[in-house]
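Lettered A, B, C and D in written order, each chain numbered from 1.
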Amino acid sequence: MIQKTRFRARYAESDQMGLIHHSVAIVWFEQGRTELMSALGMPYGEMERQGWFMPVVEAGVRYRSGARFEDPIRIETRITRVSGAKIRFDYRAIHDEEDRLFYEGFTVLGCTGANGRPRRIPEQVREISLAAIEPAE
Amino acid sequence: MIQKTRFRARYAESDQMGLIHHSVAIVWFEQGRTELMSALGMPYGEMERQGWFMPVVEAGVRYRSGARFEDPIRIETRITRVSGAKIRFDYRAIHDEEDRLFYEGFTVLGCTGANGRPRRIPEQVREISLAAIEPAE
Amino acid sequence: MIQKTRFRARYAESDQMGLIHHSVAIVWFEQGRTELMSALGMPYGEMERQGWFMPVVEAGVRYRSGARFEDPIRIETRITRVSGAKIRFDYRAIHDEEDRLFYEGFTVLGCTGANGRPRRIPEQVREISLAAIEPAE
Amino acid sequence: MIQKTRFRARYAESDQMGLIHHSVAIVWFEQGRTELMSALGMPYGEMERQGWFMPVVEAGVRYRSGARFEDPIRIETRITRVSGAKIRFDYRAIHDEEDRLFYEGFTVLGCTGANGRPRRIPEQVREISLAAIEPAE
């Protein structure tokens, strides 16, 4: 399953180079991941309320072209790898009208309890994630 | 007591107008407030660990001139009003070398328990704050 | 005209109090203003490309209740005052399903050229804004 | 040369997990890079004023432990690779008192003119950067 998330780039996200600041890619990826998890029936906020936390343990981004204020953004999010303790999400941020690639990247999420100690991913989350895997592009 | 907090404006805080984005004033004010509370012996993080939270209930900013990336910033923070349930902080963000005023503003903080319900400000915090009051400029 | 802008609160916007950080209100207001200006046929990005800049000169927010991650947000934006040199926008951030008020506030925007010097608001922008005025609530 | 940059983690940078949000690592790295470039006599703001821009083309972060509000942060920044068109910076974000590693990562910067077109890095910047190279840890 590939989740498509759409919104406009915000002025506050721009920087003095006239582009969206590169740190924002990570925030946009997270928004894509949030929507994918909800679409898969495992909304992340609900996981936290039940005492499961999924901190990001690794992230990477390749910047292909610069996004700008008011650009229509489409984030394509997919799960590409699932183990007992980690899930990897891959992302592409794209100009939604021109289909131009802005950024591509990934984050790997671990799992902890409320005390911050590593835990195995809840069985149900692992199964849903495994079933949703898409190959990375 | 007037707390002076110094740092440099960050690139990520700039916007495409070439100025520090106006929402950042609120973040800088908070940094000044954090240092003032620590200097007064009531570090805010410690308050939260003991179950007291102080959400912002009102904020206001007047923008006098634009700050820019790499500008040396000085935040001057003072407490200007204290009641049983609220504390008001006033702030001035200034170019630390040119003494030029960037922003002036205030925030009013309320007090709640961990459940989000309003509470009276802890007696010790109220007393320290009262003793630290400075007139607003 | 009252512009309604809808989106979900982001995880990156939350803070350790479990609420959306209060500085984010200013960013959300800006997003509402951006959409209103586009809806009125005067997209702000286009203004900057033509050499007109509208920096925020004053801002104020009253926080009524806390927004949380994943909350459906509705920003209601209106123009409430227009002079030769300034436009005032008023905003309400609301839980889009419960109709609960999170924040209400305003920003006053001035006008400058690319050199940062104050200018009168472009005549066309002033006329459109005047025609769009709604009373503040 | 290894530049050490010190500051405290901000409340606005925390998230509802009680940790500093992972996107902030990228902002902190940038702050370390800004200070290293200034210390090397090539302040980045000055480069932009002369028409040279250095956008980030790749970034990566490994998160080792969670930073928290008020933690004393030390960013260690070094240049690890220089070519005609790119410079790579490596970073470590560390608890400045406990010497605990929070994050390690890198960014690769390209070079463009004001028009966004790729350019070779200015000769002087390339020479200074080459002379400052430190091996990655």
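Everything that follows uses one rule, which is that a residue touches a chain if its C-beta (ideal position, glycine included) is under 8 Å from a C-beta of that chain, and two chains touch if they have at least 3 such contacts.
Remember, it's a predicted structure, so these values are computed and weren't measured experimentally.
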{"item": "Pair joined by more contacting C-beta pairs (B-D or B-C)", "value": "B-C"}
{"item": "Remotest chain, chain A as reference, centres from CA atoms", "value": "B"}
{"item": "Between chain D and chain C, distance of the C-alpha-averaged centres to the nearest whole Å", "value": "33"}
{"item": "Where chain B and chain D are represented by their mean Cα positions, the distance between them in whole Å", "value": "27"}
{"item": "Euclidean distance of C-alpha centroids - chain B vs chain C, Å", "value": "23"}
{"item": "For chain C, residues that touch 2 or more chains besides their own", "value": "11-12, 16-17, 19, 23, 26-27, 30, 68-69"}
{"item": "Chain D residues within the chain A interface of the complex", "value": "16-17, 19, 22-24, 26-27, 30, 48, 53, 55-63, 66, 107, 116"}
{"item": "Partner chain D, residues of chain B touching it in the complex", "value": "7-8, 10-12, 26-27, 30-31, 34, 38, 43-45, 68-70"}
{"item": "Residue ranges of chain C touching chain D (in the complex, touch as defined)", "value": "11-12, 14-19, 21, 23, 68-69"}
